[in-house]
Structures are given as structure tokens and as C-alpha cells.
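Remarks on the structure that follows.
Letters A, B, C and D mark the chains as written, and numbering starts fresh at 1 in each.
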Amino acid sequence: MIDDISIRYLETFQNRALTNPIMIGGLPGIGQVGKLVAEYMIHMLGAEKIGEIHSIYLPPQVILEEDGVARLPRNELYLYQAGDRHILFLVGDFQSTSNEGHYLMTDAYLDIAAELGVKRIYTLGGFGVGHLVNEPRVLGAVNRAELRAEIEEAGVTFNRDEPGGGIIGAAGLLLGLGGIRGIDAICLMGETSGYIVDPMSAASVLSVLSRLIAVPVDPAQLNDRAAEMERVVQGLLEGEKMQRDEELSYIG
Amino acid sequence: MIDDISIRYLETFQNRALTNPIMIGGLPGIGQVGKLVAEYMIHMLGAEKIGEIHSIYLPPQVILEEDGVARLPRNELYLYQAGDRHILFLVGDFQSTSNEGHYLMTDAYLDIAAELGVKRIYTLGGFGVGHLVNEPRVLGAVNRAELRAEIEEAGVTFNRDEPGGGIIGAAGLLLGLGGIRGIDAICLMGETSGYIVDPMSAASVLSVLSRLIAVPVDPAQLNDRAAEMERVVQGLLEGEKMQRDEELSYIG
Amino acid sequence: MIDDISIRYLETFQNRALTNPIMIGGLPGIGQVGKLVAEYMIHMLGAEKIGEIHSIYLPPQVILEEDGVARLPRNELYLYQAGDRHILFLVGDFQSTSNEGHYLMTDAYLDIAAELGVKRIYTLGGFGVGHLVNEPRVLGAVNRAELRAEIEEAGVTFNRDEPGGGIIGAAGLLLGLGGIRGIDAICLMGETSGYIVDPMSAASVLSVLSRLIAVPVDPAQLNDRAAEMERVVQGLLEGEKMQRDEELSYIG
Amino acid sequence: MIDDISIRYLETFQNRALTNPIMIGGLPGIGQVGKLVAEYMIHMLGAEKIGEIHSIYLPPQVILEEDGVARLPRNELYLYQAGDRHILFLVGDFQSTSNEGHYLMTDAYLDIAAELGVKRIYTLGGFGVGHLVNEPRVLGAVNRAELRAEIEEAGVTFNRDEPGGGIIGAAGLLLGLGGIRGIDAICLMGETSGYIVDPMSAASVLSVLSRLIAVPVDPAQLNDRAAEMERVVQGLLEGEKMQRDEELSYIG
């Protein structure tokens, strides 16, 4: 009988006695901001994959990889040793398809955190504002008031009305359920329109997070993607403007 | 493994031998009437928080508080001693997101009521009529015919066709499931348009409830909010009328 | 902890050794045909209530009765002794709100049938054709081919393409799941528009069922309701026609 | 108490020691391609029915057969001995109605595969392209990279971007969950518009599959259905064209 949620560690992951581990969660969400940041860090730091999570709460399908191999939707765990501390990354294809599944999967993530001794969790996400943003702020939330000062010093904005509707999905629940378990958790949200995958917002979050955990990550490639995306958006906007002008001159 | 529904009493809540306790349930609903009344009473009486309820049936998100701290959606229990009787308040952010969850959460509320010896439950809600109401009536329902006379004497209207569609959510199920457990329960519903948060309707319910439980609660602040809300609505209506008049004079 | 589905027999129902019992299921559905027939029979025969079924799969609300008493949505069991056989009626306010719940509740109905020794089940329903029907046929389905001849002799039409989409809900599942348990089951569906509560269709089903179980039930009151409903519909149709004629004469 | 998923083998299925069995899954899906192929093979090869699967995750209804007998929606198992190997067919009326049910039912299919010693699974489906296709390709996916070469040699196209959204339902999950259990699985998808039941696409899949498993199946009847369907579609298209031409000449 299949487990509702199954966590598998790779065989290569033998030494589970991690040093001062923190967890960074970047699952899919608004503007894919959190996913972009976490996957970029995994890529740039060369973090090592140590585990996979499958669940009946993920979409009932398979995903095709380049070699024609189909695989289940999954969340993945990556590990990186930065000096005297381990960083555990949680990334993935999807979040839960059901409300209850969000709670149950987040609880499983916290089981992992507890098992591996994680004392602090950073969750990354986007904060949709409904319009294009030139210099995206990074908004924050914490699950213990004492955490706020340190985060604000790193340039994160705290604003009760942003996001007004709360933080939905694992990025939020890791704070809420983590707090009950006594694990400190911080959510960093990059301001984003919400309309597009947003590497510029991701770059803002990366910059703040990198400072907070004192792990330098070269943002060049992410900035390149942001610049490219900006050219695309700019092109679209100019195209629209030209069309509008033409219509006006036609009327005139 | 997370519980589907978890009830936590605060450590400060040591003496659980309550005296003649009644429960007052004011969860979110139509016009937020029940929530307004119960939260106002907690505020004015200075009731003490004694517990929290979390559940996978509540929305999968966190709520941001003023200090930037994110917390799980929850229901809360407050306690107040009024002379020789205890009053237990049940309030909260949300009701269940699923049909089955409504039953299961209400069953948990009744577990609390049973554990603490509650013999009577008042549930508070709104009764949406689809138009503005100047002098909101309070409609009632009971879970045992013998309860009706006492409630009617306090000025509550009983009318089979109101509400025609029954009473949805915990305000109703506490009567239905409570009856099976042998706990008397009464629902008080303030007439309301259903379009706005309605402190005027809440004031009507408060007045009736206060009389029924013989606990005076100064309604001044609630009346102030009602007056303020009336000014806002009045302003909107006049704005609309002016616009209509202008349009007519333009046509004329 | 609440049961997902709970069956309660009344204390008055002591002698559970029924004689040759059959079950008649008339739950809500298309045109309320099945419900109308079963409730009419209970009323006319003076069947005695013997039990109630509650479930978290029914809508999460309470229903208000005339005396202001709120009660849970429920299904009910009634018993009638017709000569040397018992007739068990299954009626109710609602069917399940979820797909899985339909299966689980039907399974509970079959537990009751098995416990009480029921050897044959009649399920009653409507068959929506999308237009007004003057002389509603009664369509049939069985869960064992040998049952068909007897049913056809009573005037029931068997037609594979009617209903084309199968029989949805308990009226169908009692046949399917009943067959697996070795309980014969027959579904009788009155042709109906599907737009209105249809006592005329119910009268057709009653006539056939009454013959099949050899229990005469005076159809007079049901026919009265059907006649009344026909007058209402006729009135609506004439109103529409008059309006159309007026519009034409206005144009002309 | 009903099982969430129940597997019943027929009594005629006594000798369960199969020889080198493979499983072929053809459940309902896009263009009904997989279902058409598997049911056609069962018909042409004269495979023997050996089992049925019922589940609360299938739609809550019954299906009417020609003799007026109503039966539960189900999936079916058929067995055929082709020389020195057994072929197990999995076909059915529906797939799961819920996301979680897709996982749980696929897990049950794999329990069957494991119990009967199946070492390889072929799942059949359609690949919707949104326009009519004259010579439908067969697209493939595997759950182990080493399987690809053999499948490509049989004329199957591998293309990461097709299908871009992954493979939804049992056809995909049998690969994903099968892989975790160490069972090789291959998905063959016939290109199809997605608008109609598509025997032409099914014929393409049959041709490839027949070659892959070295079991010749006369495609004549399937080709006849394809030709007939093409005439119908052609007729519709010409009707449309004529109407368009008429409208143009009217305007002209």
C-alpha cells in the first residue's frame, strides 16, 4: 500500500549528522520566485541531492525528462556544506492539490527538518502586487517576534498589510506549523507582478538571503535572466504602445 | 504526525472545574455578526484566553500579525467568570474549508464542551435577507422544543421559513450534533443584508444574548461602530442617488 | 469521535425479526420523484419510523422544523407490515455531497438491509428527458437479468439507452453494490422533465410499484397534487404564449 | 464495510502462475485511444476475463447493459496466452474521479502486477494536438532510460516537449509508481485531435504495440472503423465549407 507521503533519502546520503543545519524552502508559487532562488542556489553552489518526496497530494501525472523518461512529480532535498554549517534545500515540481494536503506535506517537511536537526527555516516566495515592479522589495514574515530585527537589518520590509491575504501554501505553513514545533522560520517574499516568472524579484530575494546566511552566491546568471526577461516585457509593452498609437492616428 | 484537529489549552488554564459553564460560539459567517458579538463580549468583559484549535480543515495559509509574526489560522477559546457561572467563548479566523471538516470540527468543539461540563451552548450568526435592514430582528432556533419559550420571551423571533435554507456551518451543526449528545443549544441570528460586516445586527444579537445570560455588556462601542457603518452606507447611497440624478438631468 | 456514518434505531424498534422484508428507497433526486413516492406511501400506509442515519457526507447544516427546532440532515427508516411481509422505507433530506460518500452511504444502507434480512430492494427515482411529459413511462433496471420479466409484466419499460448516462447516486448504487452482496434490487424511474417537482411522474411510479409489491395505495392525493401542478405549469405556458402573441401584434 | 478499492478474481482464474507476463493498460482517456486498442486486442485475440476492480474513487453510479442489468463502474482484467508468454489486459469504464484516487488505484493495479509476476507494463493513451491528424505518430515514454532504444526501433517517437504537460492519470502513474517498484513500464501515445474518439490513432498504436510484443493482431476491423470515422469527419468538414461558400455568395 502506497504511503500518502513518502520520503526517500538517497543511498549516498549516509552521514546524517549535519552541522548547524538550516533549511531553505523554494517551492512553486507566485512568479516562481522562491523556486527560482532555491534552484539557482543549488545550481551555483553545486549542492548535492540527498532525497525525494512523493505524495498522493501532488498532481496525478508524470513529468517527461529529456531522455524520454517519465517520472513522478516530486519534491527534492539538496544538501550543501557552507563552512561550518549545512544548508538543506527543499525544492519541487508542485505543491499539494488539496487544502488538507498542504498541511500534511508541510508536516512531512518538518519531520525531515526535525530528523536532521534543522533549527531555522527560510521559506522563499513571491508577493504579487498586480503591476510591474522596477525595484522589487523583499517582504518578510517570521514565526517568532525576536527574529524580526535581524531580518529587517538585512533590508527586508515588514508590513502588516503586505501580503494582506496571508501567506498561502508551504511557504506560510512552514512558519505556522514550524512555530508549534519550536523551529524558527522566516519567510522572504520578493515583490512581483504575479503575471510572469520573475528572475528580477528572485535576484532581490537572493541578495537578501545570501547576506542573511552569509553564503555568497554570484548573482550574474540570475541578473542575466532578469535583464532578458525585462527586454521581453519591454518589447511587449512597446508593441502595445505602437499599436495604440496607430489606432489613434487612424482615428485622427 | 499532525492531528487533523488539535486542541491545546494554555498552561495558565489549570483549574478546569468550571461552574455551570455555558458556551458562546461566534465564528465567521454572514455579515460577520456572530464573530462581532463574541469578540466584542470577550473584549468588554476581559475574558481570558485558555486555548487554541488548529486543523488541516482550516485554510492552508498563515495570517500576518502587526509585529510581522505569521501564525496559523485558528479557533480560540476564551473564559470569563460571571458571578456563579463560567462563560466559554469560541471564536476564530475561519470555518472549515470542506463539508466533512465542518462536521469533524464541530464534533471537536463538542468534545471541549463535554470535557468542561458545558450544559448549554449559544451559537451566534447572521441571517442574510439581501436588503438593508433598519431595525434588525433576532431570529432563533433551538435543538429542543422546550427551549423555545424562554428564548422568545427575550425578544427572539421564531419563523420556520427564516432562514429557509437552514443554518449552515458550525452555528447550525452545534445545535444538531449537540442535541445528539444531550447538550442544549440555541442559535441567535441577527438579520443583516449579507453585503457588509454588520455591527448594527451584532448589537441586536448582543442585546438579546446579554438579557438571556443575565450578563450586562455595555453596547456603546458596538453602537458607535454601527453608527459609523451607517454613515458610510448612507454616504454610498447618496453618492449613487446624486449620480443618478445627474444622469437624468443630462438626459433631460 | 463522530462516526462518518451513524445508524440509530429508535428504542421503539425492538422486534427486529422481520418477515420477508423488502426495502423501498426514495431519496432526493431528479424531479424528487423517488422521494415523493416513498414519502407518500409512508404517509398513506401509516408506516412507523424505526431509525435515522446521520453522516459527515450529508451537507454541513441543520434544517429548521416548524417548532423552531433545528435538526441535522438525515436519512430515515420507516417500517410497515403488509400482510405477511414487512416493508422498510429509506427516505431522507439529501444524498451525499461527495463521490466517495455516495458509495460509503449506500454501503451503510446495505448493512441495514443485510442486518434486517432484506432480500429485495426497490429504488425509486426520476428519469429526466428535458421536456414536459404527458403520460410518463416508468423505466426500469435490475441487478440480475432474471428479475426483468416480472418487472416488465408490471408495465415497466426497459431500454438500454434510457437513461443513457447510467443511474447516479444511491438509486443506482443500491443495485450495483447490492448485487455484489447477493441482494436483488430493482430501480423504477418515472419519466419527468427534470425541471419541476413532479407528482405526475411519481403517480406513475406508485402505480407500478403498488402492483409489483401487491400493496394497494390510494393514489388520490398524489393525483390531486399532480393535477394542481399541471394547472400551475399550464398557467405558466399560457402566460408565455400570451406575452409572445402580444409582442407579435405589437410588431405587426 | 466496503473496501476503497476491491480486486476480485473470477473463480475460473485458478492457475495464477503466469509465464513471463506483461500487462497492457488501456483505460479511458484522450480520444479513447488506449481503451480502443486494448479492447480491440481483447476482442480479436479472444482474451479471457479473469477479474474486476471496483472502487469508491470511480463515479458513484451504475451503468446499464443491454439486458437492463445495471452494474457498477469497474475496471477489468483479461488474460491471453501468446505462445510462451501471458498478456494481462487492464481496461475499464472510467478512471478515478479524484486526484488522490488516481494514485491509489494505480497502486492497486501495481499490486496486481506484482502478485501475478508482471515484469513489463505497456500503457496506452492518446496525445491531443488540437487539430486533425492524417498520419498519427506514436509518441513514447519509458520509466527507465535503457528501455528507450527498443521502443524507438519499433517506430515510436520520443520528444520531450510532447506531451508538454506530462502524462495524466493511470497511463502516466503506472510508469512513475511502477518505476519505484522496479517494474519496467512504457507508455505509447497515439497522436489525436482530442475532439473525437479516434480509431485511426488507435490503429497506429496497435501496429507499434503488436510489433513490440510480437503478437500479430489483424487491424482490419479497426481500420474499417477509422475509415468510417474519417468519412463522418470529412462530411462534417464539407458541410461546413458549403455553408461558408453559400454565405460568401450571398454577401457577394
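What we mean here is this: a residue touches a chain if its C-beta (ideal position, glycine included) is under 8 Å from a C-beta of that chain, and two chains touch if they have at least 3 such contacts.
Quick caveat: nothing in here was measured; it's all calculated off a predicted structure.
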Touching chain A and also chain B, the following chains: none
Between chain D and chain A, is it the same set of residue numbers doing the touching on each side, over half shared, or a different set? different
Take the average of all CA coordinates in chain B, do the same for chain C, and state the distance between these two points in whole angstrom. 38
Distance in whole angstrom between the CA centres of chain A and chain C is 53
Which chain A residues reach two or more other chains? none
Touch graph of the chains shown: is it line, ring, star, complete or other? ring
Taking the complex as given, what residues does chain B use to touch chain A? 1-2, 4, 54, 56-57, 59-73, 97-98
Which residues, counting only chain B, touch chain C once they are in their complex? 96, 99-100, 102-104, 106-107, 140-145, 148, 158, 160, 163, 165-169, 172-173, 175-177, 179-180, 187
